[in-house]
Amino acid sequence: MTSQSFMPFPPPSRLMRLGFVGGGAGAFIGTIHAQAARLSGRWEVVAGALSSDPDRARQSGRDWLLPPDRTYDDFRAMARAEAAHPQGIDAVAIVTPNHLHAPVAEAFLAQGIDVICDKPLAPSLDDALRLVEAQRTSGLVFGVTYAYAAYSMVRQARAMIRAGELGDLRQIHVEYFQEFAATLIADAGGRQPWRVDPARSGGSFTTGDIGTHAVHLASFVTGRPATRVRADFHVSGEPKDLEDTAFCQMRFGSVPGTLMVSQAAVGNQCGLRLRVFGTKAALDWNQERGDELTVTPFDAPAQRYQSGFAGGLHPEARRLARMPRGCPEGILEAWANLYTELGLAVEARRTGRALPDGMLAYPTVRDAAAGVAFVAAAVRSNGSGRWEDCGLHVPDQPGQAPGPSAEPVPA
Amino acid sequence: MTSQSFMPFPPPSRLMRLGFVGGGAGAFIGTIHAQAARLSGRWEVVAGALSSDPDRARQSGRDWLLPPDRTYDDFRAMARAEAAHPQGIDAVAIVTPNHLHAPVAEAFLAQGIDVICDKPLAPSLDDALRLVEAQRTSGLVFGVTYAYAAYSMVRQARAMIRAGELGDLRQIHVEYFQEFAATLIADAGGRQPWRVDPARSGGSFTTGDIGTHAVHLASFVTGRPATRVRADFHVSGEPKDLEDTAFCQMRFGSVPGTLMVSQAAVGNQCGLRLRVFGTKAALDWNQERGDELTVTPFDAPAQRYQSGFAGGLHPEARRLARMPRGCPEGILEAWANLYTELGLAVEARRTGRALPDGMLAYPTVRDAAAGVAFVAAAVRSNGSGRWEDCGLHVPDQPGQAPGPSAEPVPA
Amino acid sequence: MTSQSFMPFPPPSRLMRLGFVGGGAGAFIGTIHAQAARLSGRWEVVAGALSSDPDRARQSGRDWLLPPDRTYDDFRAMARAEAAHPQGIDAVAIVTPNHLHAPVAEAFLAQGIDVICDKPLAPSLDDALRLVEAQRTSGLVFGVTYAYAAYSMVRQARAMIRAGELGDLRQIHVEYFQEFAATLIADAGGRQPWRVDPARSGGSFTTGDIGTHAVHLASFVTGRPATRVRADFHVSGEPKDLEDTAFCQMRFGSVPGTLMVSQAAVGNQCGLRLRVFGTKAALDWNQERGDELTVTPFDAPAQRYQSGFAGGLHPEARRLARMPRGCPEGILEAWANLYTELGLAVEARRTGRALPDGMLAYPTVRDAAAGVAFVAAAVRSNGSGRWEDCGLHVPDQPGQAPGPSAEPVPA
Amino acid sequence: MTSQSFMPFPPPSRLMRLGFVGGGAGAFIGTIHAQAARLSGRWEVVAGALSSDPDRARQSGRDWLLPPDRTYDDFRAMARAEAAHPQGIDAVAIVTPNHLHAPVAEAFLAQGIDVICDKPLAPSLDDALRLVEAQRTSGLVFGVTYAYAAYSMVRQARAMIRAGELGDLRQIHVEYFQEFAATLIADAGGRQPWRVDPARSGGSFTTGDIGTHAVHLASFVTGRPATRVRADFHVSGEPKDLEDTAFCQMRFGSVPGTLMVSQAAVGNQCGLRLRVFGTKAALDWNQERGDELTVTPFDAPAQRYQSGFAGGLHPEARRLARMPRGCPEGILEAWANLYTELGLAVEARRTGRALPDGMLAYPTVRDAAAGVAFVAAAVRSNGSGRWEDCGLHVPDQPGQAPGPSAEPVPA
């Protein structure tokens, strides 16, 4: 553990200006983004197309205290107007239903505006790859909110693996169990919610919705992309047209593992858990106690790491601390960490300011496209009964966006 | 449990304007206040006397992105200038060393500016009572940052006790163990840090610094003020002139209990734990897992409540949720909850907007004065070897500040 | 929960006489059986063929305080001699390496002596089925030491599911992670330990060794036999000829699930965990805290059941209590519970004493044969890449052994 | 940690013969002793005066499978008869109500029979000191069942402190909360149970019943006898004549601390917890998870030790393991550990067999007398409102009983 290499985030030279597409009245995830942006201390929210319904857009804009002339009800109009505004937004946060992510992102990229997008990136791999290419050619920042990856203890886990503290990796297990969709049913007219409507969600419900979180977390922490999958889909809750449960056998390159997800697992809340077993030690991280990390070496006592100003942490984790150890870090702080890194990336692109190598680790459009590729392969495998290739095969990234460095990973 | 009475916080009509005294470079607690204020979505930080050293004040102002003309190095000048400014601050956050709380608060109260102050309120009870009187006569909002009281599970605990779910209360135990001061030593010139300097901290170090948190938490949750104390002070860490450890036998009216605090308890981080035993059930809350609350009825399985959008919560707890159950609530959210309530209180005072009865529960200057009275009594008891009266005896509060209603408490 | 039906175990009319085959110097599992038998208060150990090496057999007999004339070095001689002895053993405990279980059991069954046998029952399904048949025709007691099934909280879990407290079952997940075999290597002569020698262990190492525990536990608690498996085998530790790790997708009749086992999972000790999700609630049981059971209903606080004299327990769990709640029940007590039930079964067979229906739930030779069938199917599936039928298909049990009643299970 | 000094317990040369006084039908604690004795593998129960009521004595003897001619209804007759019997008992286990401990012990000591006695030793300090003297002059083994001290993790805690792994000790906190006496009430005739009857229990209920456990545990682990106490007694449950709750400020020589006990703490089961804070690290042990020990060094991750065959354990803890790490050790095993050590002590006295120095650590009559002295001082302090001396002041031990060596303790 080397603390001499510790390098805190530099203070902002100005607040970055953020606009929203989506997030109007009743949309929970938009308020999470907004709180995270504010908490990071690097952003101000100045514009929004919070709804495509003009009345809701106006009302939501008032609730958010946005200036009326920067409240829109059409994302394309917003992209054009903000690009032309002298104090126009630096970046847009896209918090719409999934099938709109791609067209919105393309509209803003086309105007030279950086993008922060929810996952899953798009219902189809073609859409996802088109966004990868659009980012690559534009060189803009394109962050994706796999927020769990920004918990400080997730960064500690990743740094420990990179430093070889687990030895060679031998097993990777990730699971994500929720209960909320157990009772999800069609409305009186027989219409299913958009999340479980194949036309709007692609061929998957839960594998796309939270399986992508799980596979990203596993790949992010271990440095091993998912390469093969053998999937077994189920409906565990009320009848629906898409799976609410999936059990997958996995290959992360040479490392075998499993991935289990369900949104109809009654009695579970937000049970995202990653376990990695190496030749020297195991690590165990559970989102519901996200500020802890347990590492257990072979035949030795388990060690419990905690977030905060604390001994024994790698710089990547220590840098994210806001409080002394023992003061719980919540999920909103993970979200805010993401907005801190994205704020720095956008600021760097806008101002040319240089950042130390390895300072940023926010998930990118390529990570999100890898998630879409995984979902597509899982759907294929569930149909074929066979192992399917789930790797993302795209050219390397020549774009200029300041962002996560392609650090070498121990083989 | 009655969810029909659930009443969420109303959205803000504008951002309240906040100024800071203290919080300059290196002062950790100021950044916590600022993050909490931003996260609440009800405040903007627009002015500050972040240091009394002009250079540090200027530099800190730049780091905080404050306008240069609202960056001060003298709190009295700031109070006058902001009172005269057309867009002057609505409230001041006081984050100085403890012995400056009182003069700063008085300067701003005198200018009609609401006050948010760190604890302990003042080194002497006389100072504290003067502030109580100043608030009473001014009718201004005077909040104190006993932030632990704003965790949603602390509110759940309080609501359960009020609803009689624990039965009659029989024992109250609170403890707060930290390790940071174990190694606190005088500097090369033999000068002790201000925290353990009797001249600047009054007759107590740890009882004032964290004992006040503990006793407030116990009183807030149970509705029972501390009335008598028998204290046993110690130095557990390196030699110092004031206690870093105190063990107290307590009376909360007719309910007996204990209070244990130490800041030299090696191996402990932020171990604030409250246990209340009633005739029907026990409750157990531990700050290090502040988003959980365990309630165990007589001869029955323990029940684990969690923060978030979740069944089984009282409105007072449910109202503070930002995320689904299972998404950890961190301490910064407790701080932000406080700033939400204070933002509403300040907005109500400034705009005359009415708030539902019982919506606000932020700690007040009277709560803080009760803490100072407790510390003074504990110091006396440690000297005398006897039980000492630690109740706060001041007239009722005729001031107009919108604030915590004096709700009846079950006897 | 009906406590009116509570029926404690009747006291013994005499101690049952137990003999051992295997368990000589250095054999850990034999001492576990012996301690469990003694702790149950229903057995005395009076004879043994503790080793096939005469010197070790004699020395081990002395250490166990056995009479010299009932210390054997040949199990067939022991079976004959004990059958002829006026105070001969009532039952034999078989604690040899796995490939000897079948011949030893057959030798004692042939002499009319009841059998208590370690798992896995036999390396081949043919051997296992022959034992099922031998028990069926003899009507003797044949218990198998799936000891985890005798924790009181496992019985509570089973009773809750039978009572419908989880609703309809929707998912069953079981895992068992150990680390001990990570460093297992061949000896200097290149000879692998018998556990990983295909000639002595059949086609499986870990799936047989602990996968059988896991699948039994899942079936026992849920009342659903495993019916199909799709297995993925690995070597996670040092190179060896058989798998030390297996990930299985499962069907328990109509209920899908997973089973994960590894004995080379560095950082794990005895991590046997069962989770069952129903339409009303989830249950979670973890062997490492085997005296607890967590049940979480939909959108409600989790409930933690504990072993002991405690409210809220079904009679099946309450009957096994030896201490007040809060006094930890260890794994040896689970073992002793098994020996209590086996002692009653043997006593009932020998004396004709009647037992209340449903009092005994010890695992039988049929349960053990089901485990062998599961292992065989998993081996096949790992080779074929396909789902394989893993159910046990044998005729119903006309034998007379007093034992677990075939209670109806909710469909 | 030095494993080279590891020295397992030697096997028994024969079973020791144990008799019981008390423990008849319905007496829970007698069956605990009997199970522990059997589990240890070093004892056989051969005689008993299980009740002073002849019918109950006979019936209980039958239930225990005792020979009729060694079933007594008078403890004095039993002492005489067993002393004269060629295969007479080696030791007596005394499990009567507290006020009978002393006369029974004296009767058996007078016949040269070793004694194993429940706590508290006696209602009065005079009685206790007389027993200390009787043991000292007889040189017999006199063990007392402070069973918590025989958990392997308690031994690990003690060994770590002896080895200096916590540094200098600075605080000792012990608590023991139960709920069972909350509802204890007088019978229809107005007669209180013997436990809360001053005439039969001396001046204390709970301080004697479980406070003695707590203070022994603290002293045993830290090597510091309790020297001063300032006590605050309460009735938390239904009205009764003696305290069911006591809060004590403590001195363990130069180390300050606290002791809290209640048997009317609704929602608590068997919550005996010891925390010791040193200059290097803290240790935390909780009986309800007695097979774990958490040690947290200054500003470093917490370490979780577990019982069993495991790395990182001192020989004193490792010697008590029966199972691999991860297999829970229950409280009955702690009891059995005590009977193992007592079996060795009795065998050594009877056979002259020598034992390695430091192998035995069972609590003695002097430990039990120290408990009685503590209770008497706490009662005095509660009356006087002052600190009282609670040390035991008796001459050193010239008796010959093989037993815990008086090992030097770090100052």
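Just so it is clear, A, B, C and D label the chains in written order, and each chain counts residues from 1 on its own.
Here is the rule we use: a contact is a pair of C-beta atoms (placed from the backbone, for glycine too) under 8 Å apart; a residue touches a chain by one contact, two chains touch by 3 or more.
Not measured: the values here are computed from a predicted model.
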{"item": "Centroid-based (C-alpha) most distant chain relative to subunit D", "value": "A"}
{"item": "Winner on C-beta contact pairs when B-C is weighed against B-D", "value": "B-D"}
{"item": "Matching chain pair for A-C (criterion: over half of the contact pairs shared, by residue number), options C-D, A-D or B-D", "value": "B-D"}
{"item": "Chain centre separation (subunit A, subunit B; CA means) in Å", "value": "35"}
{"item": "Inter-chain centre distance, subunit B versus subunit C - centres from mean C-alpha coordinates, in Å", "value": "55"}
{"item": "Where subunit B and subunit D are represented by their mean Cα positions, the distance between them in whole Å", "value": "44"}
{"item": "Where subunit A touches two or more other chains, by residue", "value": "268, 295, 299, 302, 306, 310, 325"}
{"item": "Sites on subunit B touched by subunit A in the complex", "value": "11-12, 14-15, 31-32, 34-35, 38-39, 41, 63, 65, 178, 180, 268-271, 287-291, 306, 308, 310, 322-333"}
{"item": "In the complex, subunit A residues that touch subunit C", "value": "167, 170-171, 173, 177, 179, 182-183, 230, 232, 234, 236-237, 245, 247, 249, 256-258, 260, 262, 264-268, 277-284, 295-299, 302, 385-387"}
{"item": "Touching residues on subunit A, where the partner in the complex is subunit D", "value": "295, 299-306, 310-312, 325"}
